[in-house]
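Just below sit the structures, each encoded as structure tokens.
Same chain, two partners: subunit A is paired with subunit B first, then with subunit C.
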Partner chain A sequence: MATSAPPLGRRLDWQTVRVESTEPLGRRARLLKLGVTDWPGHLPGQHADVRLTADDGYEAQRSYSIASAAHEPGVSLAVEHVEGGEVSPYLTTEIRPGDAFELRGPIGGYFVWEAANGGPLYLCAGGSGIAPFKAVLEHRERFARGVPTTVLYAVRSPEHAMFAERINALATSDPALQIVWTYTRAAPKSWRGYARRVDAAMLRETAPRPDARPLIYVCGPTPFVELVASTLVELGYAPESIRTERFGPSGE
Partner chain B sequence: MNNQNRPIARGFRGRRTDPANRARVPPGQHVTQDFPVLSAGPTPHVPLTEWTFSMHAGNTPLGKWTWAEFQDLPHTHITVDIHCVTKWSKLDTVWEGVTIDALLEAAGLTAPPTAHVMAHCDGGYSTNLPTADLVGGRGMIATRFADAPLAAAHGGPARLLVPHLYFWKSAKWVRSFEFITAERPGFWESLGYHIYGDPWREQRYSGD
Partner chain C sequence: MDTLDANELDGNAAAGLLASVFVLDATRARIVCAACGHDAALAEQRAFALELGAVLRCPNCADITVRIASTRHGVFIDMRGAQVVHFV
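And then the complex of A and B:
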């Protein structure tokens, strides 16, 4: 059963993968579902490298979060469209089912969580930072239902949210999973939840208490991660219990 | 470059590296103007009054400097290109700090005492390097970037700078050197990243 990553030290070879389908993820991102023939498995939270080769041999590489868990078919990558970027506009607007490119991975052995790590789990996502947590939540649903888990997800507006339906459905079916949304620009009418940027009060209200020793994962744009991680340290959470993944400015 | 067996990305043009810079950009890298931040955990904030940098080999201390003492060591400016394993390269970055040559000299050493070093950092990070890669002006402890104190998110107050290797080797928040005779992997090197990390040979991950 492909629930775990390949042993470290295994050589990561490039392999050709085919796009099976794509779907929009919120307003600015796209989910690419890839058919893979020789994928070694991965842990929730890991990412993969994409290599595009132009017809004259020019190549470009980028890393993207894997949004699917290893027990699901194929590998799904979440790609956020970076305005003026080199690779992401191609992947979000140009690529179609049937197209092929190269992939290698999985990469990153630290920002990972699997059932054996237990909980409580506190996942803080900003924008497309939800992508690795989608893999965590799918893995948890399959192998670790009942692990106390809170997701704090900050997005500009409901239209910008990624995986909203699926995440809400997972939470509806498992009382141990709580999703807390905060809308930083535009909340739905009659919204009674958070409608501001993440701050100390919001973290205090939503995170398990420090003495519960939660495993904390923070993923999103650099300023979001810097703020959340530093504030959690100030609130008394052990720095070594906080794992971070910062996006961008990616330099695309 | 042997790209013959690769799938061609239909309609992909990409943004070619400026020909003037092409020889400076390692394979699979692209040039960025900004300065991305990548760290595995929260940014540590150590007051300068508590900051020290030390070196040891086994149980033998080889040198220790407070922030004030470190400022009194001879400083060097360098302008270098840096290459992050996450694919960005940044050209002509300007740094100021104390070369490892100067540190060794300040400790009364004419050469590194061992073939390898483990750099230890606030926040529990570590990285391993051959000492040969640190001497001869190839490595420094940098405290200033672009003519300003190095920001905490970028590794301030002091980070290792070894620009000819992928940038995870340029450990942020560096606090000590442990000289070791046998190479052993540091933080990322234990988690799937290459033990040496030469960008020109594209040594990103174990086995590359």
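And then the complex of A and C:
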């Protein structure tokens, strides 16, 4: 007689979540604060899947980074508006507090940084690739303030930047944290910093030296990640010290 | 090496589907390519991911290492392209 075996561990399943509030993140993205009832807690850098189901049963799903700090309650997703996309236009322009969708997460242990991993830390973000690093930086602020950390954030223009105030605030109170911006399309008039796409010179100037053995995380659109990761290897950084997370077509 | 496709992602994109099957984190699992022997994390595989599944390819030789399909009959995983899948 067959009896079903008890589950050996926890597999992820979809759950219905409700939007508690939303706020703009720069010009093209939105932060969704979600009310979750069944959430085991997440790690800095993890993501979650969102599934939308139309009235006719058609389903579409996408992955979004969890931007909220792991030690704070709740889950916030950063969603960049992708023109003509199936999911993000709804999430960035139509969804309202109280609306519900399905969520699966938290996901992934590879693109994660915790205080115990140490440093120095070098975080390279392209566009909305900053979202997982916002969670990493808040975790670091709480549990590992002294870890030398440099963030290189490539974004089209100041208006496209996400979490700019929050990230700058973290850095102003912490000499071990340096934020380097590069504006790839339009920089402010008086801007004296980088105003071009990321290249080998910029990486060499901003990253800790290879012999400092930094832990490197790169997140952004696929072409950005490919370029940054391969250039860092050419500059002498060990491939196994570089963790990458790519996402699909974006506004960048 | 073939040309880069902006729609190409990495193994992280298949992680949600894999987490609905495996209890251990699949993104950190090491995949040894059956074609070239390259050893890389599942998250580092090149990926074409769709709602209903994903095709993962070796980051070194681009041969297919893992295919995943989610159907109404369950989740199918074809790992013929991997010599070893090492969960850590």
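As a convention for this text, the second predicted complex is superposed on the first by the 239 of 252 C-alpha atoms of A that agree within 3 Å, B and C clash if a C-alpha of one lies under 4 Å from a C-alpha of the other, contacts with A are read in each partner's own complex, and residues count from 1 in each chain.
Keep this in mind: a residue touches a chain if its C-beta (ideal position, glycine included) is under 8 Å from a C-beta of that chain, and two chains touch if they have at least 3 such contacts.
If you're wondering where the values come from, they're calculated on a predicted model, not measured in any experiment.
Asks: After lining both complexes up on subunit A, report clash or fit for subunit B versus subunit C.
Replies: Aligned on subunit A, subunit B and subunit C clash with each other.
Asks: Does the superposition put A:A54 against subunit B (first), subunit C (second), both, or neither?
Replies: first
Asks: When both complexes are superposed, which of subunit B and subunit C contacts more residues belonging to subunit A?
Replies: After superposition, B is the partner touching more of subunit A.
Asks: Which of the two partners, first being subunit B and second being subunit C, lies in contact with A:A201: first, second, both, or neither?
Replies: A:A201: touches no partner chain.
Asks: Return first, second, both or neither, reflecting whether A:F111 touches subunit B, subunit C, both chains, or no partner chain.
Replies: Both partners.
Asks: Pick one for A:A212: touches subunit B only (first), subunit C only (second), both, or neither.
Replies: neither
Asks: Scan A:E102 for contacts with subunit B and subunit C and give back first, second, both or neither.
Replies: A:E102: touches subunit B, not subunit C.
Asks: Could you look at A:Y90 and tell me whether it touches subunit B, subunit C, both or neither (first, second, both, neither)?
Replies: Only subunit B is touched by A:Y90; subunit C is not.
Asks: Can you tell which stretch of subunit B bumps into subunit C once we superpose, 9-17, 99-107 or 117-125?
Replies: 117-125
Asks: Identify the residues of subunit A that lie in both the subunit B contact region and the subunit C contact region.
Replies: Residues common to the subunit A contacts of subunit C and of subunit B are 8-12, 59-61, 63, 107-111, 222, 226, 243-244, 246, 248-249, listed in rising order.
Asks: Quick check: in the complex, which residue numbers of subunit B touch subunit A?
Replies: Within the complex, subunit B contacts subunit A at residues 1, 3, 6-16, 27-28, 30-34, 36-45, 86-88, 90, 123-124, 153, 187-188, 190-192, 205-208.
Asks: Per the contact definition, I'd like the list of subunit A residues that touch subunit B in the complex.
Replies: Contact set of subunit A toward subunit B: 8-12, 14, 16, 51-55, 57-63, 86-87, 90, 94-95, 99-102, 107-111, 222, 226, 229-230, 232-233, 239-240, 242-244, 246, 248-252.
Asks: Along subunit A, where are the residues that touch subunit C in the complex?
Replies: For subunit A paired with subunit C, touching residues are 8-13, 47-49, 59-61, 63, 104-105, 107-111, 221-223, 225-226, 243-249.
Asks: Which positions of subunit C touch subunit A when the two form their complex?
Replies: So the residues of subunit C touching subunit A come out as 4-13, 15-16, 19-25, 27-28, 41-44, 51.
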